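Labels run A, B and C following the written order; every chain starts at residue 1.
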Amino acid sequence: MADAALSAMPLAGPQDELESPARRALQRLFKRKGAVVGLLVIVVFALVALLAPWIAPYDPVATSWTAVRKPPSALHWFGTDELGRDILARVIHGARASLMAGAISVTIALAIGVPLGLLAGYRGGFIDALIGRITDAMLACPFLILAIALAAVLGPSLADAMIAIGVSATPVFIRLTRGQVMSVKVEDYVEAARAIGNPPWRIALVHILPNILPALLVQATLSVAAAIIAEAALSFLGLGQQPPFPSWGSMLNAAQRFLGNAPWMAIWPGLVIFLVVLSLNLLGDGLRDALDPRER
Amino acid sequence: MKFRRLTMAAAAALLSVLFFLAANAQAQTTLRIGLAEDPDILDPTLARTYVGRIVFSALCDKLFDIDEKLNIVPQLALGYDSSADGKEMTIKLRPNVKFHDGEPLDAEAAKYSIERHMTMPGSFRKSELASVDHVEVLDPLTIKLVLKTRYAPLIAQLTDRAGMMVSPKAAKAAGDKFGLHPVCAGPYKFVERVQQDRIVFEKFADYWNKDNVFVDKIVYLPIVDSTVRLANLKSGSLDLIERLLATDIKDVRADANLVLSTAPDIGYYGLTINIGNDKSKGPLSQSEKVRQALDLSIDREAINQVVFNGEFTPGNQWVSPTHPYYQKAFPLRPRDVEKAKALLKEAGVKTPVSVDYMVPKGTEYEAVAQVVQAMAAEAGFDIKIRVVEFATTFKEAQSGNFQVFQINWSGRIDPDGNSYIFLHSGAPQNDGGYSNPEADRLMEDGRLTSDPAQRKAIYEKMTGIILNDEPIIYIFHRTLLIAHTSKLEGYRPMPDGLVRVVGLKLK
Amino acid sequence: MLNFLARRIVQLVPTLVFVSILIFSLQHLLPGDPALVMAGEERDPAVIEQIRKQYHLDRTIPVQYAYWVANVLSGDLGESLRIKVPVLDLIAQKLPVTLQLAAMAIVIALLIGIPAGIISAVKKGTAWDYGANLFALWGISTPNFWLGIMLIFLFSIKLGWLPASGFVPPSENLRASLASTIMPAFVLGNAIAAILMRHTRSAMLQVLESDYVRTARAKGLSERSVILKHAMRNALTPVITLGALELGTLLSGAVLTEQIFSVPGFGKLIVDAVFNRDYAVVQGVVLVTATVYITLNLIADVAYILVNPRLRG
């Protein structure tokens, strides 16, 4: 699939170059220090999340009645929380919740949004108008309100928060896909494919989709960043990860009560959210520049 | 370097705005009270929140009030007499009392107010006054309540919203919108309300006890976040805050400008156990031994220390150990994990015992739940915490969708108000479907008996039954924590936590 | 152009219908029974029954929706279940608060975003450019609720300079009003400043390479006047137009920010209403927000076409 996709790319330019456009894009990406740093940070966090049980210094849910709200020390680098749990261990395990929420909810948004966008853009007509109005309607409700309402409907849990965020993020992908399809479908090679009698689904999947992948990739990266913030926001409002398991947002929620006498409880989870989101944004910006040859 | 100049200018502008704002300080002419929530409608018949009662205590006087020791004292009434069979209650009203609109508070007005509570559609006072058959006017300052049956807690009901008098003229004119502009007979009258922002009252010039009212204006400001509430008190933009966090007490004590005021709470914090409505028939619903094991696995003092810095009172009954109705024959049992394990073995259940534990959303509730979870795990319980939005908890509770429901009851001054509706068969809040005919009979007797010693004896028997059956595991009682500036004088802590504004002075 | 406008306006109607259906069905799927919520701690069964009747909660959802639509068409958004205040009055009370917050946020965003954008464009490739870009990244990467908490920690709890919460209307005390809104406005403005900075930077870069700027330079004008008089004016028109239309984003951002700073505005109104299951308020507020949002989008599209004549046609 990937090979077919890349060979169909129209931006390939002079054909005598041996390198594939993907490789050139990658080279351009690696020339950007910011993007590389962002990528590295994300990889590190992903590893941390994967290896959490082995690298966390303590059990993230183990309470200790004698070490309640202790400031950072050699024993507890990030301090302890309101139930004497190690904050570093909770931040490490919280990475799982946050990264999973980011990745899964965007996957959901892609899985719903891209097919609908393809359908709307390729078929046009009434279906396009219908999907367009529903998209408009969803975009007209503030994102967070939609996510809060959905999360409340589904019940407070991490999985439901992911679904809520995913669904709320869908309209962006519908719109993006549709717009891209509209501009690609008049290209010569699509017309040619149609002329030789390819069925519409084949044209959509084989000829159109690969060409809009770069734009989707950029948007998906930026959406993962937004989804991580959204998960934190929902958990902050008590609609995400459930106790005693940690997520960065729910840690911040608990920290709010102790801002005066245990500020470290609020600083660390906020800082890691910031770091991860910053890295994703750096990577997204880098990808955009690398994949879009016009903007250089 | 023109750009540096530009940046400098921008930075300077921002900074000066900041300093200008920081220097802001207001002259204090009013009492500003920070509330933990936004009250609901300000109509004593339709109101239902605890926080609303705080506001009412400045706005609407009641027939009776309570004192610091939970004794019932007259307020708008001068006193009452009960007939020998307890089915008639004659209440003498205080003379020369006026409502905020100048209307006199006489027997007709009192009759109107009580009937309004009893009959208005959507009234939340109906069940509180359910024992009243009708009200008679004996003379311009005397009314008689004729009861269907003897009902000892009635007079206690009249110390709260059911005893609040409203101006008949204003109430008739406004209908169910009365709460948008309430007219009562309290020390302060309503000025304005901005939802979720402020409620403003001003001193009522014709108040019956006006010589003891010193503050001109009161503003109530709902501020949900307790840290922010405290920050506002410290910065001087509030004069008094309710529901201070136990963990912030040290802070308040360390501040020379602040005064901490504490009083034992009349409510309880407990675990309601689903006995009769548990569809999955979990071990907790099947055997009191399992419930006793859960009880024994909990270290109440540790919860108190960890979550509340040791400021609350561990308890095992529906009233706190300082309450006159606390049964000393049934003291707190210490934690005993070994015995809990033995009980589980005796009950023949497979460990770990999985428990669906419902808790309303809120960091403090969740902290208690997590401590219980960790403690019960040592005895062989696998507690699965399910945090449910407050709005959903009642529905879940009523449909029996829980095995343990952790709740906080704000409490009523009569012990009946803390027990009957939760423990009597078929009572509206008996979510766990507990039913014990012996306990039912004792609760009914408690309602019919007015003599305190006899009542206490009845409740003592009942306590024995409840502590064995464990339909509710009582864990602790809050301490009512109120902090105010040292400029405020005359504040008296009350066991219901409501702020009495008569007698308050601002220096 | 007129054609385009007409088409967009016609499209508004089905969108709003979808919004109302979406919100109506969503909130009726919400777990929890509003009658039970209203009945409070005591939950008297007779009272619950009465509430269900009074608010048609005992009817089917399509019937309830029909009641609501009929009322909306006659200009009545219903009343709050919780406090019995008409929703329109609530909106009239809250909208100015959020608008003041939004206006201040935009001003802050303009004050920070535009100078930063200009500097980074003019000093492209230098440390200034680097710094400004970093700032922009910081702006879009900071979760605004965390920023809010940290500001409260610093300015209210540690330093005690600013009130941690609440709102004072400007008519009452201008200074106190500004003091009560500066932190939430900064939190809201921060992200927009970043976006504006990026817009400004690319617009300026384009203008600086254009012929007339080169001509101006060739005429021997000082660099300062070239930038301030010629380049800036041309670059900023679209930026400000587009930036001002970030208002829609602000409405969404206000949701959490108002919650954290206890600002009694639109965002707090709606979150509290969702948690209290105050259906009429949720419906009314979302309808109004959606209308504002859609209208702003429409204006943005039109403005975009006006400043980019190439897109016309």
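Here is the rule we use: a contact is a pair of C-beta atoms (placed from the backbone, for glycine too) under 8 Å apart; a residue touches a chain by one contact, two chains touch by 3 or more.
Source: prediction; values computed, not measured.
Undergrad: More contacting C-beta pairs: A-B or B-C?
TA: B-C
Undergrad: Any idea which chain sits dead centre by C-alpha averages?
TA: Per-chain C-alpha centroids compared to the overall one single out C.
Undergrad: Counting only C-alpha atoms to place each centre, which chain is farthest from subunit C?
TA: The most remote chain is B.
Undergrad: Per the centroid of Cα atoms for each chain, what is the distance between subunit A and subunit C, given in Å?
TA: Centre separation, subunit A to subunit C: 23 Å.
Undergrad: State, to the nearest whole Å, the distance from the C-alpha centre of subunit B to the C-alpha centre of subunit C.
TA: 37
Undergrad: Please compute the C-alpha centroid of subunit A, do the same for subunit B, then give the distance between them in whole Å.
TA: Subunit A and subunit B have C-alpha centres separated by 44 Å.
Undergrad: Could you check subunit C for residues that touch two or more other chains and list them?
TA: 30-31, 152, 157, 275, in rising order.
Undergrad: Going through subunit A residue by residue, note those that touch at least 2 other chains and give them in order.
TA: 152, 256, 259-260
Undergrad: Residues of subunit B that touch two or more other chains: which are they?
TA: Each of 225, 227, 231, 389 in subunit B touches at least two other chains.
Undergrad: In their complex, what parts of subunit B are in touch with subunit C?
TA: Residues of subunit B touching subunit C: 2-3, 6-7, 10, 13-14, 17-18, 20-22, 24, 26, 38, 40-41, 46, 48-50, 121-124, 126-127, 176-177, 179-180, 194-197, 221-225, 227-229, 231-232, 234-235, 237, 389-392, 394-396, 398, 409-410, 421, 428-429.
Undergrad: In the complex formed with subunit C, which residues of subunit A make contact?
TA: Against subunit C, subunit A makes touches at 132-134, 136-145, 148-150, 152-153, 155, 225, 229, 232-233, 236-237, 252, 255-256, 259-260, 263, 266-267, 270, 273-274, 277-278, 281-282.
Undergrad: Under the touch definition given earlier, write down the residues of subunit B that touch subunit A in their complex.
TA: Residues of subunit B touching subunit A: 225-227, 230-231, 245, 247-248, 250-251, 302, 305-307, 361-364, 366-367, 369-371, 373-374, 385-389.
Undergrad: Within the complex, which stretch of subunit C touches subunit B?
TA: That would be residues 30-34, 36-47, 50-51, 54, 82-85, 90, 93-94, 111-112, 115, 118-119, 122-123, 128, 152, 156-157, 159-167, 173, 175-176, 178-179, 182, 224, 260-262, 264, 268-269, 272, 275-277 of subunit C.
Undergrad: Per the contact definition, I'd like the list of subunit A residues that touch subunit B in the complex.
TA: Against subunit B, the touching part of subunit A is residues 63, 65, 68-69, 82-84, 152, 156, 238-239, 242-244, 253-254, 256-261.
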